[in-house]
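These are the structures, in structure tokens.
Each of the two complexes below includes subunit A, the first together with subunit B, the second together with subunit C.
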Partner chain A sequence: MADYIKFVDVTKCDGCRACMVACKNWNDLPAEPEDFNGSIQSHRDLTANTWNVITFNEHETSDGNFEWLFRHMSCLHCNQAACEKACPESAISYTKFNSVVIDAEKCVGCGYCVQNCSFGVVQLATYKDKNGSEYRKAQKCTLCTDRLEQGLQPACVVACHTDCLIYEEKDLVLAEANKRLGEVKERFPNANIYNPQGIEGTNTIYLLADKPSVYGLPENPKVALSQVVWKDYAQPLGKMMLGATTMAVIGAAISNAVRKDRPEGDHDHE
Partner chain B sequence: MSNTNVVEESYEKLQAEIEELIKGWRKSINETAVVKESSFELISSPLIPQLDLEADMNQYHLFIIELFDFLAERQPENHEYCDILKENLTIDIVSKWFKEVITVNRYYFHAVAEQYQVPEWLPLFAAEQAARPFLQKAAAELETVLTKFQHDPCCPACGEPARFAVVGKKGKKELTCPRCLHSREEKKLCCAHCGTEDHTQMIVMKVDGEEGAEIHGCQTCKGYTKVIDMRKLLKKETPALMDIKTIHLDYIAQENGFGTAEDGKYH
Partner chain C sequence: MELNVTRRKFLKISGAVAATLAVVELGFDDKTARAKAKELKISELKPTPTICPYCSVGCGILVYSNGKDVVYTEGDPDHPINEGSLCSKGTTVRQVYTTEKRITNPLYRAPGSGKWEEVDWDFALDKVAKNIKDTRDRTFVQKENGYTVNKTEAIAYMGGAALDNEETYLLSKLFRAGLGLTYIEHQARI
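Then we have the complex of A and B:
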């Protein structure tokens, strides 16, 4: 199957929030009513039960006029995901669609992924078991992997009426992104394609109307070297050594047991 | 869609490969026009069966041979039958096949199958698949002429009964012919067969858990159309493949008392 990626052309977004509603609807996420906090942006940030938010940035144009800058904010599904590197339980993995997903069975709610996500996407949800004890699980956008498996487009993409969101073959998306960049450059001189190479690119790429920092995105996110070393080298090595040690201990135990079984005088003599 | 698809994976793969062959053949005939300009004055539909298409019979012959070779390779049990038909094909026979397949003359191809002692489906299937590039080319050339034919229970280009529609990028319902690929816009709540626009007569059936696929049934004429919302699908298949993959919708519609113009009793 060809590589598919999501393209968010923020210059086409009109802030309708249909993607937010579609996401809640498909993923059966509870509503989170919020008090007015000085902006018409519905939620301050992503939460464990709100996996995408349209951000509303007030922007002053070069001629002194006012303009809204919208952004569909959700998981970018990094090719080198810091959350995946940080997870000690290997609960975060990549799917065949290149989406980064959390296995709720394996997640222990440690929150390392929350602390390490380059974009502040992963959040912890608190649940109660049947005894009333609280437990936590990391939650975030799945890129609707369950829909992709059924041959359907992600819910947010289907809901988008301005074609701001596209989920298509990677080559087509990149060509469209470059074409659109050329078209919007006159109106937005700082327009750029956001596909940070410090994390080997992402599976959601943006056409931004201004610098990433204007939208609250890191200019050049990177996964800490210590995390890469820990996840890709130390952990597998540690597991291998633990396996080797276990095998040695079992081997020694069997060998001792065999020796004990032999009669006292049954020694080899030269 | 994959949850309810009843078509065997191997058959689906075979059809997809045949679609690729047709795509290639279509490219090879792209340069030459198959419709004579003088034949545009026709007033009734379907148009193509009334035309004398300028199709290159040598090319058509080659397409059939290529298809027989492909079938013989993929279905060794049909190897012998493909060889028999291949050996007996002459340009005259091929020309006759082309003429008869445009009007889907089942009686003729049934007789051919009996004559050569081959499975009944094989001659018609080969003739039909190899003729599709020409049909599609002709339908594309007739595009402007075809716009005046609305509310036809059959494809105004090739005469295939209307049974399949897609909702395209702009959200419009387009009746699409899986045979010649001609598509024409249709109102969302309108019977493709009798043209009824009375919403109380239209029934929309959906399969549980199958997003983007609907059956539009008409209580006036008991006709139905499968409507697929392509905007929701990840992979955009060809109409012919989509038609095959949604064959379960035909079963459902027919189990609920609906039929198509092809059944005869509705029109």
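Then we have the complex of A and C:
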């Protein structure tokens, strides 16, 4: 199967917020009303129950006019995901669709992924069990992996009526992104394709109308070396050591027991 | 600590551990089992096509219901107008059914009364029919400035965006030609 990725052409977005509602509708997430906070952006930021938000940037053009810069903000599904590296329980994994998903049953709500996500996407949701005590789970966009498994497109992509969001084969998307970049360059001189290579690219590629920093995106996100060492070397080594220790203890106990079982008279044959 | 493990016992225990590991690690993939459970949300359901009730664009919507509740709604990919996409308002159409604010019975506020009370459909329809008849009889104008007009200006009719061409034709015919209404409007224009 060819690699499919999500493409967000922000220059086509008209800020209708259908993707936000479609996400809530598919994932059965509760509404989170917020007070007016000085902008017509509906929610200040992503939360554990709001997996995508359209950000509204007030922007002054070079000739002094006003315009909105919209961005469909959700999980980018990094190819080298800091959240996956940070997770001590190995609850976060990559699927065959290259999406990064959290296994709610393994998640213990420690929040390391929240602290380490390069884009501030992962958040903790608080739930109550049947005894009334609270527990927490990390939540974020799943790229509708359950829909992808059935050959359906992500809910936000289906809802988008301007084709700002598309889910297509990677090669086609990259070609389309380059074509669109040429087309919008005149109107948006700072336009660029956002596919940060410091984390080996993402599975959501943006065509941004201005520099990433204007949209609050890091120019060149990276996974900290300490995390890579921790996840890819220290943790497996630790597990191996734990296994070796366990085996040594069991082995010693058994050999000890076997030696004790030996009858006294055996000494004669030695 | 004394551990009484004979060789036979040791082999038995190792075998049991290996079998358990095989089931847990290889044989039973709990991830796919869970993924299937999630997908049940719509995979067993037959969608019912409908038209969005909000603006006059008239987008097609697929409604997935399980007989008791509306589980999911999505733009109809085969509909020529929206081709699967929807606006943020149309995407919320599931809440028309699921919201606790939904009114499920006709409400009647008697003249002079300050509160609404639930009535049955027969009462409501009879009341509407009677009021239309009374009002029309009372206000009907046959001639105006020497011209035959056959009209009443005391009743207005408002159509909705979910009506199609044929329905609007029939409704216009009923209210304009049949009852003589002149105020015929459409919800999306006001």
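The criterion applied here is as follows: the second predicted complex is superposed on the first by the 265 of 270 C-alpha atoms of A that agree within 3 Å, B and C clash if a C-alpha of one lies under 4 Å from a C-alpha of the other, contacts with A are read in each partner's own complex, and residues count from 1 in each chain.
Going forward, a contact is a pair of C-beta atoms (placed from the backbone, for glycine too) under 8 Å apart; a residue touches a chain by one contact, two chains touch by 3 or more.
Since we're looking at a predicted model, the values are computed, not measured.
Colleague: Superposed on subunit A, are subunit B and subunit C clashing or fitting side by side?
Modeller: Overlaying the two structures gives a clash between subunit B and subunit C.
Colleague: Between subunit B (first) and subunit C (second), which, if any, makes contact with A:13: first, second, both or neither?
Modeller: Neither subunit B nor subunit C is touched by A:13.
Colleague: Please work out whether A:91 is in contact with subunit B alone, subunit C alone, both, or neither, and reply first, second, both or neither.
Modeller: neither
Colleague: Of the partners subunit B and subunit C, which touch A:158 in the superposed model: first, second, both, neither?
Modeller: both
Colleague: After superposition on the shared chain, which partner residues are touched by A:150: those of subunit B (first), subunit C (second), both, or neither?
Modeller: Touch partners of A:150: subunit B and subunit C.
Colleague: Classify the contacts of A:191 with the two partner chains as first (subunit B alone), second (subunit C alone), both, or neither.
Modeller: Neither subunit B nor subunit C is touched by A:191.
Colleague: Just checking: does A:199 make contact with subunit B only, subunit C only, both, or neither of them? Give me first, second, both or neither.
Modeller: Touch status of A:199: no partner.
Colleague: Considering only the touch criterion stated at the top, classify A:5 as touching first (subunit B), second (subunit C), both, or neither.
Modeller: After superposing on A, A:5 lies clear of both subunit B and subunit C.
Colleague: Identify the partner contact of A:82: answer first if only subunit B is touched, second if only subunit C is, both if each is, neither if none is.
Modeller: Neither partner.
Colleague: Answer with first, second, both or neither: which of subunit B and subunit C does A:167 touch in the superposed model?
Modeller: After superposing on A, A:167 lies in contact with subunit B but is clear of subunit C.
Colleague: Name the chain, either subunit B or subunit C, that contacts more residues of subunit A.
Modeller: Of subunit B and subunit C, more residues of subunit A lie in contact with C.
Colleague: Determine, for the stretches 77-85, 95-103, 113-121 or 167-175 of subunit C, which one clashes with subunit B when the structures are superposed.
Modeller: Comparing the options 77-85, 95-103, 113-121 or 167-175, the clashing one for subunit C against subunit B is 77-85.
Colleague: If I apply the document's touch criterion, which positions on subunit A are contacted by subunit B in one structure and by subunit C in the other?
Modeller: Shared contact residues on subunit A: 150, 158.
Colleague: Touching residues of subunit B toward subunit A in the complex: what are they?
Modeller: 1-3, 211-212, 231-235
Colleague: Touching subunit A in the complex: which residues of subunit C?
Modeller: Residue positions touching the partner: 1-6, 10, 31, 34-35, 38-39, 43, 72-75, 77, 82, 84-88, 90-92, 94.
Colleague: Which residues of subunit A touch subunit C in the complex?
Modeller: 16-18, 20-22, 25-26, 103, 105, 145-146, 149-150, 155, 158-161, 253-254, 256-258, 260-261
Colleague: Help me check something: in the complex, which residues belonging to subunit A touch subunit B?
Modeller: Of all residues in subunit A, those touching subunit B are 4, 148, 150-153, 158, 167.
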